[in-house]
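Each of the two complexes below includes chain A, the first together with chain B, the second together with chain C.
This part shows the complex of A and B:
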């Protein structure tokens, strides 16, 4: 056993382990200014990601719970929107074309593109 | 516990791992702070500056600005409001005269299109108040002030007093204070050895240094909708930018907009343009110029002549009819953020 794994392998293993964890933390981090945007029949409404609510729209029911959002009920034929399950990451979206609905997680953090605004 | 040989052989890997960990846990290189002084929002964004030192600078800047407001606030209790009432004032602080002299210099430089002596006119239109009610004055009242040709050149300054014979002259440095404050902040950064900071006082911005290997990047608000952005540009170290717009302070009456930007020549609020933005290259008084020079631009009848008169390369004006007139050299520096064809952009 010890001939198979040298002590250096342990170091490499630790590096890989921490790297993977850090990459995942960064990847899954949602900026604090994020919100859910729901476009339905050409109307757009915004909801807080931290709210806990069930939104009933024409033909589609959407659930927001602990920073995630999903479609729970839909009148569409294929039910792809329900099958997609929860989304929680920035810029992820759920589409339901028969119901003309688009759910997206957006960020309103304007500082990403510029340092200050002149007016 | 940890084999010595292992440490020896893999120490470099360990160091890399440690750097990686420390780096990913490090705080942001930026330190931001917002404050409110006499109704003006101050925004500071320091890059790689010690937080304690940054706080020290912010505190010093705010103290200086409070002093300036106590000296120059046009309608609250201040030295200048005392002068405006009595047309004479005993002063003790030489910095007071220094600032007035600077204002006088820029009044002459702009051929009185920036005129800090028309405080009475601005008050007549109802803009000397925290909440603007607005008042359209009679032509007669406007003419009485204009006919007296108010100018800081009419001030008589002795060792410790300022007086004037023109009873229509009232000083209002509102068109210069934000820019002056930027220059004062810049002096304070210099004294404290702070190299990289972006300062925004009420929409006027001065770039000092730059963050890392890029320039400070700023956006310009859309003058027709404060939720939208009009353009984006990079500020090189020492550059300053300022805008005068009819959306800042105004009142609406009979369906018309009356802006606080009163043309010192005809005594009426600006109608022709909705905003004027000027970019000042690194030079002395960059902050003041970014504030003051937007006035001759917004009141301009001939933008080409204004460019030559002021020796100003980078500026643009916008109209309520969604037109942008921009100097050719400035066009190369900006990146528009509006949908194509939303504004009609023309160069001069």
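This part shows the complex of A and C:
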């Protein structure tokens, strides 16, 4: 008679399932960046992400801690930049429009960037 | 499970059934364009298990040609996608022929042929239709859906075979 599930099926099932999961992780892993660039009042400054520091600019205070960045204090009304919290992945950014500030995580490696066909 | 000799009438009947299922699947709405359950594969697997590999090849290829003629997609890119997917799927089924029937059942065959179909389609898309590596970002999504639907298909077919016995 016909048995529903045989032992070899389990092997095929597990191999296929884990290879699909591996492909998923491989394609959708977002790399972390190595430095940040801060644009503030038309001036661009770059800081290393590995350092641990607090940067005070005009009306805004930015904290870098173990590969992550956040805005600690801001003079703006809505405080969206603070509510966004920590960012750590490549190409993520925090904007604070009242203070004309843009913080972006970048990488020295030019090969890992997003392209238009990936979604 | 005994393998029976197959004649041309049985191939014709099963092919007709496969075409009907293919047409039905065409009209099913899909949340992601291109994700289909692949229910026509049930008939091909049935022929493969009940009869032989050769009949599965006949049914699969005739289904691709006839359903493309009926849907008006003959010799369009979607026809070539379907054809090449069917080729690679049958290639995977050919290797399934050498698997021991004591250890492997329909579930293995269904998973392998469904994944083969998707891999074949991605090869032809990469070479001819969208020559860009970005297309492979869709591969895991399609593989996952194909995997899930192949399990459902195998379960349905197992129920069909056990009830017909």
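Assume the second predicted complex is superposed on the first by the 76 of 119 C-alpha atoms of A that agree within 3 Å, B and C clash if a C-alpha of one lies under 4 Å from a C-alpha of the other, contacts with A are read in each partner's own complex, and residues count from 1 in each chain.
Here, contacts are C-beta pairs under 8 Å (C-beta built on N, C-alpha and C of every residue); 3 or more make two chains touch, one makes a residue touch a chain.
The structure displayed is predicted, hence computed values, not measured ones.
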First, second, both or neither for A:54, with chain B first and chain C second: neither
First (chain B), second (chain C), both or neither touched by A:7: both
Per-residue touch tally on chain A - higher for chain B or for chain C: C
Touching partner for A:18 - first (chain B), second (chain C), both, neither: first
Chain B and chain C contact sites that coincide on chain A, given as residue numbers: 7-8, 12, 115-119
Complex contacts: residues of chain A adjacent to chain B: 7-8, 11-12, 14-15, 18-19, 22, 26, 110, 113-119
Chain A contact footprint on chain B (complex, rising order): 3, 5-6, 9-10, 13-14, 16-17, 20-21, 24, 43, 45, 198, 200, 203-205, 211, 216-221, 226, 229, 232, 241-243, 245, 248, 277
Chain C partner contacts - residues on chain A that touch it in the complex: 1-9, 12-13, 16-17, 20, 23-24, 27-28, 115-119
In the complex with chain A, residue positions of chain C that touch it: 1, 99-100, 102-105, 107-108, 111-112, 115, 130, 132, 134-137, 139-140, 143-144, 147, 158, 161-162, 165
